[in-house]
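In what follows, a structure is listed as structure tokens, so that the remarks can point back to it.
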Amino acid sequence: MIRIAVGEADFDAGAEVRRLQAAAGDAGAIASFIGVVRPQSGGEALLSMTLEHYPGMTERALEEIAQAACSRFALSAVTIVHRVGRLVPGAQIVFAGAASGHRQAAFEGVQFLMDYLKTQAPFWKLEERVSGDHWVEARSSDDEAAARWERR
Amino acid sequence: MIRIAVGEADFDAGAEVRRLQAAAGDAGAIASFIGVVRPQSGGEALLSMTLEHYPGMTERALEEIAQAACSRFALSAVTIVHRVGRLVPGAQIVFAGAASGHRQAAFEGVQFLMDYLKTQAPFWKLEERVSGDHWVEARSSDDEAAARWERR
Amino acid sequence: MKLVYFAWVRQQVGVSQETVTPPDAVQTVGDLMSWLAGRGEGHARAFADRSRIRAAVNQVHAGPTARVAAGDEVAFFPPVTGG
Amino acid sequence: MKLVYFAWVRQQVGVSQETVTPPDAVQTVGDLMSWLAGRGEGHARAFADRSRIRAAVNQVHAGPTARVAAGDEVAFFPPVTGG
């Protein structure tokens, strides 16, 4: 089962975990990740973070990433929830979760989801700081994290 | 912040995740793992799984594992919740969670927690199957998973 | 051909989308970027350093040699930064 | 010296804990296992294959060469299987 949700509304991480558990069937291992807006960026206070995305392509890209993770790691359930719009520090941005029969597959599944989400899904972050607005730059460490899955 | 809980009561994974988030401070990355009793074992239906432990040593061992993970991966918060007593298929057994400033550290932190928990914490599983009761044997794959952290 | 822009590419171009009819010589994503760079000051600024721009054709990531045709939806944006 | 047993070791020994006063010659966890194996049928069965037994002294994992002394709490159990 694949669940993809993109929108402005906050999500209930606990409910997402329970949903994964319910969908997991025989899978005894559920791994998940939550990303939260940090209070600082570039050495100064972050006032807000606005997430822009490409409606239509976003859902398609997330669905593809989820499908790839499912077949690669034999996952029985995958969830990706990603928020868009203006978020303040402490707000949840993303939930990624995977259920599998084996804990290693569940962990690797979620890491794969996050690595590809960060390099393939059409989201962009605009930081509102005291010094002004700054578009977050893509990080080479994220590209490298995604590239490690290609080499295997 | 380290939270260790061992007991018969079920836990609310969502509440644990929210607690980690609240304790995480500046940490923007929260990874977690939930283990669930599977419906099958050894090719037959599993009726129940009873977890025995060593009161006193259990809490001490979990605390040490959590401390080791905190300092090794610069985690700002760690939670380990482990149930004991008789559990039926589908029941939650364990929750392990870690908060960090970086997603890789959060993922590695939780994997470290689970690998050491499975090889160091004094828990034993008795499976009640149709064919009779069976003590779960330790798996060499779990020893190998824990050993990979020693080599680094 | 429908063009859509995101993040600072959108801000520099000045619109979030536009419909264009490029000349027949524009066959690829790269051709389209060159042609767009000549459409005005904002476009010129947005496409000044192409190494900073990524593209999608019909909502699929596409490199500079990917073909474009009438009726396509072509998107230009910076490297993605979600998650 | 307080001895505690868990899982199938407990089942085979027949009690979950007991208090013993081993002879002075019993200096290590390994010595203690040898001595315990002679204490009766259940103990003999439990300690028949020592490679299957793990120990803790005062709630800390301990190998067969670890020292034991009067007043210690020594635990014997199979390899752990939690999580």
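To keep things simple, chains are lettered A, B, C and D as they appear, and every chain counts its residues starting from 1.
Definition applied: a contact is a pair of C-beta atoms (placed from the backbone, for glycine too) under 8 Å apart; a residue touches a chain by one contact, two chains touch by 3 or more.
In this text, all values refer to a predicted model and were calculated from it rather than measured experimentally.
Asks: With chain centres set to the mean of the C-alpha atoms, which chain is at the far end from chain B?
Replies: Farthest from chain B by mean C-alpha position: C.
Asks: How many angstrom lie between the CA centroids of chain A and chain B, rounded to a whole number?
Replies: Inter-chain centre distance comes to 23 Å.
Asks: Which integer distance in Å separates the CA centroid of chain B from that of chain D?
Replies: 26
Asks: So how far apart, in whole Å, are chain C and chain D when each is placed at the average of its C-alpha atoms?
Replies: About 73 Å, centre to centre.
Asks: Could you list the positions in chain A whose residues touch two or more of the other chains?
Replies: Residues 35, 114.
Asks: Send over the residues of chain D in touch with two or more other chains.
Replies: Residue numbers touching two or more other chains: none in chain D.
Asks: Which chains are in touch, pair by pair?
Replies: Taking the chains two at a time, the touching pairs are A-B, A-C, B-D.
Asks: Which chain D residues qualify as touching chain B in the complex?
Replies: My answer: residues 4, 6-8, 56, 59-61, 75, 77-83.
Asks: Which positions of chain A touch chain C when the two form their complex?
Replies: Result: residues 35, 51-54, 56-57, 60, 82, 93-94, 114, 117-126, 135-139, 142 of chain A touch chain C.
Asks: Across the complex, what residues on chain A touch chain B?
Replies: 12-15, 17-18, 21, 24, 26-40, 92, 101, 103-104, 106-107, 110-111, 114, 145
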